[in-house]
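One structure is given below, represented as structure tokens, and several questions about it will come after.
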Amino acid sequence: MKSLNVGMIGGGFMAKAHSLAISGGVNMFFDDGIVLNRKMIAEVNEEMAKDAARRFGYEKYTTNWRTLVEDPDIDIVDIVTPNNLHMEMAIAAANAGKHIICEKPLGRNSNETKKILAAVEKANVKNLVAFNYRKTPAVALAKKFIDEGSIGKILNFRGTYLQDWSADPESPLSWRFKKDVAGSGALGGDIGTHVIDFAHFLVGKIDEVMSMSKTWIKDRPIQTGGLDTLGNKSAENTERGVVDVDDEISTLLRFKNGAVGSIEATRNAWGRNNFLTFEIHGEKGSLYFNYERRDELQVFFAEDGDDRRGFKTVYTGTPHPYGEGLWPIPAIGIGYSEVKIIEMHDFLQAIIQDKECEPNFNEGHKIAQVSDAIIESSKNKNG
Amino acid sequence: MKSLNVGMIGGGFMAKAHSLAISGGVNMFFDDGIVLNRKMIAEVNEEMAKDAARRFGYEKYTTNWRTLVEDPDIDIVDIVTPNNLHMEMAIAAANAGKHIICEKPLGRNSNETKKILAAVEKANVKNLVAFNYRKTPAVALAKKFIDEGSIGKILNFRGTYLQDWSADPESPLSWRFKKDVAGSGALGGDIGTHVIDFAHFLVGKIDEVMSMSKTWIKDRPIQTGGLDTLGNKSAENTERGVVDVDDEISTLLRFKNGAVGSIEATRNAWGRNNFLTFEIHGEKGSLYFNYERRDELQVFFAEDGDDRRGFKTVYTGTPHPYGEGLWPIPAIGIGYSEVKIIEMHDFLQAIIQDKECEPNFNEGHKIAQVSDAIIESSKNKNG
Amino acid sequence: MKSLNVGMIGGGFMAKAHSLAISGGVNMFFDDGIVLNRKMIAEVNEEMAKDAARRFGYEKYTTNWRTLVEDPDIDIVDIVTPNNLHMEMAIAAANAGKHIICEKPLGRNSNETKKILAAVEKANVKNLVAFNYRKTPAVALAKKFIDEGSIGKILNFRGTYLQDWSADPESPLSWRFKKDVAGSGALGGDIGTHVIDFAHFLVGKIDEVMSMSKTWIKDRPIQTGGLDTLGNKSAENTERGVVDVDDEISTLLRFKNGAVGSIEATRNAWGRNNFLTFEIHGEKGSLYFNYERRDELQVFFAEDGDDRRGFKTVYTGTPHPYGEGLWPIPAIGIGYSEVKIIEMHDFLQAIIQDKECEPNFNEGHKIAQVSDAIIESSKNKNG
Amino acid sequence: MKSLNVGMIGGGFMAKAHSLAISGGVNMFFDDGIVLNRKMIAEVNEEMAKDAARRFGYEKYTTNWRTLVEDPDIDIVDIVTPNNLHMEMAIAAANAGKHIICEKPLGRNSNETKKILAAVEKANVKNLVAFNYRKTPAVALAKKFIDEGSIGKILNFRGTYLQDWSADPESPLSWRFKKDVAGSGALGGDIGTHVIDFAHFLVGKIDEVMSMSKTWIKDRPIQTGGLDTLGNKSAENTERGVVDVDDEISTLLRFKNGAVGSIEATRNAWGRNNFLTFEIHGEKGSLYFNYERRDELQVFFAEDGDDRRGFKTVYTGTPHPYGEGLWPIPAIGIGYSEVKIIEMHDFLQAIIQDKECEPNFNEGHKIAQVSDAIIESSKNKNG
């Protein structure tokens, strides 16, 4: 069985998710026929790097990501760092001829993503940007229904990503609230890009945006050292740092194919945890998805008949996308682990079949362009 | 017991809803101490007027609404006609010194509502515009929680009104699709105004809008005679008439108090029936309501504690607004009848206590102004 | 138009519900062509009777129900009193040749219902026992799907009726907790009979039961005078009376047609308000209904296809049972008013068409027999 | 870091789930400080064993499970075979001094489980029976609320396990339908035992049962070779084999502490996939869980106040049981992988802290005793 060596840059919770998929998940679930070795992991200091290697099972560790990128033993570079580091790392990895998985968003803005894209295209390496939520079987099923014409021509798309882990003004100042690290706020620098990805994946190219944004919480307690902490826990630190990105953004959309839509992303939505949703109306039916109940796709088909039409809750299982590799009956459970395993499986298939990853860096770049446009549109409208 | 005579103009399904409330509902539920007599009903021809009187229990009928308005026996005029007739009727009723209930929207646009408002203010009669959905106990409970500060300062509002009764291109050309009758489309002329009413009622004055609209179905089978028919039933008629208003409209909002928001109204949302919703996030909690499940308000209070926070489904009953007059335990059932009974009760209380109705024509006028602004903003953006 | 005079015995919240249907609801909704006059109402004392007449719009009142029953002007007697009075009243009404509507349960036990049944059969009057919940359009739709064979042969039935209005030990001692008035407890004397009615209506005759019951709260504060109060409100009275019926009962069922099932009824289910549900599995599909969301029927059809099967939420409207008389689009709202209006409509249709009411007293008697069997089965098992 | 060697007996989908947890999941999530090596896997023939080793990453394989059990390098034996093999394997493993994880149910009946229990008690090895669903964070949270007294004294428990993977009579004859392999049917031999486990875990000892059972589908197409197949897929084989166990069973329960309850387990519930639920009512509140929406626990606390009480949807995350090891915010996703990782973590903690596993074989034996009693009670009542 062929084997490939992976180098992971970053040791936070995303490293956990990716490493589980690498450590065994893929073959156990999909039998791609490639063994992935956890070869090396990089973190910012000795202690963190060593600990990450131990926790996530990497043979070696380094505090210098360039060492990892340039190691001839490494076949795949997996980048799970804050956004501001993606460009330099991804370009270096491409130049070193490595296949690349990069966490979303691909860069802080489309200037960065353009350069990253150029590098991988020049190097001709496989490249996947980790918009993992489209890998959820229920989302893949939505795509299948659309492609089959089951809901007809798409009229509109409404996407939301609502969270509350930072709704408390005493929650820590994550790097996600710093423009120099994140690039932008709720939408461009973080969660909103997943919704743009859904819009592109399911509906198509976005032509026009009209946006508003807000920064509700203007400073937060500074975090002290270590890995970035998400969450509502009030920090003990009394020193506060400035939030210089938005924490809520809304936009109207016009798609190239005529459909209209909207996106809303906020981190101040008390009670919403990972409320990543879309609702799509077509000429012949509708679709609704909420990642908080990710085993399910809601579908409505007009043709079902006057007296028996209604939104149907389809639990994804073996008859649905990726079903052959997952659990034998629906609702045994799709979790984040399963979603990330599917993502890695698709990445390996791109290598095996020598085809483009979905979504690749080209897609990541287009999403950054939309994100830039939304932020530009909301300028001077941020209260 | 005091008694008042009601004259109803219009004999469609709204006449049914209002007449049930009048015929007994109010005293049975709230004991307002006023007996309402169903005195006279007006429809466009003898047959329809006579039948409406029989069905809805009116003593007399007329084919001339002016006869009704000018009858000295009539105390209250209730207008349930298409939008284009509201102005003339309401002004005549005001001039005749009658208290007025008028179905929403108050007029086809703010030019009309301004004149209507002037008339009732001059006549000093009670005036209520029938944005009945805010009378739903769960919506009134949302208002109470907001007023009590239970969710803190409001950050945003997201309202939708999604329907599918006309999603089929073969569904009949209701007057709701004709600009000269309805005034405007999905938003201004019909369902969207309920969402603006929610926004005003729950959040406050709207300062700025940015909108997009679409007319997806550009012609429909012409209806032949009689009352307007809603519904997905394909018309038999093969002659088609032009739809000259939008059937989908979306807007971003900025409120005077700093909150932001959005409204989406569409008649092409397969699977959504009367999907009138709002979600409101505040600094200390959140609220969600969906009229399709109108016995329930979803509430989230941040203060509930880290390990036991979550959206709570509150079924409205005796401890909630209007609860003293409704059913003895929650979930026995709030239907349209109950909502309309509450509306009539509030109207009677305004008469009894000589106070303003909520919402009155001034509010109806402000809603028309917002509606006009949304439509103006969407100009040239209607594909 | 033909008119019939109604005499109502009882003035509590059930009188309200019935009176609204009588006062106009039926013709407004279904145009049955019969005008119902609210002729006379009876309550236990002058003050209550007078007030009930005023509130509910009856021409006359009496403190002697026999006066009402024997009045030659009365065509229909509507009995909405506590259970212990049903037998005497219903028999007297039958003997006087009146058509009868009687609130459920028909009697305190099958000895009583047998006598009531004999009286109406002898008198040959129309008789309806007010198991109103089967009149909910979504329940009628379930019946239609079953009758059409859409879910195939029925395998099982699981019904629940869970409430919490008396879960607080300080809530008042309603007559529903007294054996001499109610006959029995949660099941036989009250809510559980609705579930037995569902089982009979949807599945068929019950052959065998195995039951357990409990009386969790053994005494409660005595109510002082007036109408019976439901609800969680703690009574002010410190004197307590004994609860001598169960407040929770569960049973397994075996139907004559081979299906199996269960019923659970409890008044101690914190958080459940009017949680009257059934789930039915057939060889080809399934049905689920919860009255707390009564506009909806959940349906699953196996034939829908491997990749698009799921429970469908059907909102009842014009294409469904009773739809022609209700609101023009689904989810405008089915409340208790609408359910009771449908019930009265069915009663009038039985008169007009000279056919049996559904459910009639024969059905009410069969339900009492099942109820008796369940209580008998649970004897010595009540902790 | 300490390391332990695992031997896995069985190579089906349960081997996948256990192996993922072993391969990295545990340390990645909980940092238990023990490295688990996938040492050896056993299957029934060379091809299957070799393939399982490759897929799931085991160093060695064998077709003789005794070789595995007796290998001195093996520290932990993990049994994921059909039920009929558990006894022999578990006793052999215990005699060889290995710690043991055994899939549920522990044996085919309590005669078997008694012997297994005796063996592990004599050998003094750690023993865990894989009732994994109680490891779901939301279930663990329910247990915490109960133990803290948040819902007061428990009054009742209603558990269901409804599935439809074999509702189609053409679905294959899994070993789960054969008495000699499974021991018993829907309840004892398979899914129902999870519900008994919930009842024991959350409420306590069961004293009395009253049951009914059915075998709806009396024969099914025989499977040909290889791993057992679940699912609705019609088998191609035309030869049919007899189903000699029930496929639906219901029981009433009486707990030692006075609470009452019911359990229903069926494999014929079209539309229910992995519908493992419980509803618990206590004197002060209620709990509801449905594994199909396993990120959520529904909780109701009476003390929340009259106007703001309702079932609350708590999404489990860092403030809840096991939260410190899982994902940083709720609803990122609990899948089967996460549940099995938690189970393995608890097993390792029992080894590290030298304490009893939960649930251990003693608990597995008690569950078998209840299961036997339920089946006995339903005898002669199986139609």
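General observations
Order of writing sets the chain letters: A, B, C and D. Residues in each chain are counted from 1.
Note that a residue touches a chain if its C-beta (ideal position, glycine included) is under 8 Å from a C-beta of that chain, and two chains touch if they have at least 3 such contacts.
Quick caveat, the model's predicted, so the values are computed rather than measured.
Shared contacts of chain C and chain D, meaning chains that touch the two of them, come down to A, B. Here A-C and A-B are compared, and the pair linked by more C-beta contacts is A-B.
One simple way to say how far apart two chains are is to compare their mean CA positions; for chain A and chain C this gives 53 Å. Inter-chain centre distance (chain A to chain D, centres taken as mean C-alpha positions): 33 Å. The centroid of the Cα atoms in chain A and the matching centroid in chain B are 41 Å apart.
Contact with two or more other chains is made by residues 306, 309-311, 315 of chain B. Within the complex formed with chain D, the residues of chain C that make contact are 151, 155-156, 158, 160, 162, 167-168, 210-212, 214, 216, 232, 248, 250-252, 254, 258, 260-262, 264, 266, 268-272, 281-286, 300, 302, 306, 309-311, 381, 383. Only residues 141, 144-145, 150, 296, 299, 301, 304, 306-315, 319-320 of chain D touch chain B when the two sit together in their complex.
Residues of chain D touching chain A in their complex: 1, 13, 16, 19-20, 23-25, 27-29, 31, 54-57, 163, 165, 229-231, 233, 273-275, 291-295, 315, 317-318, 327-339, 341.
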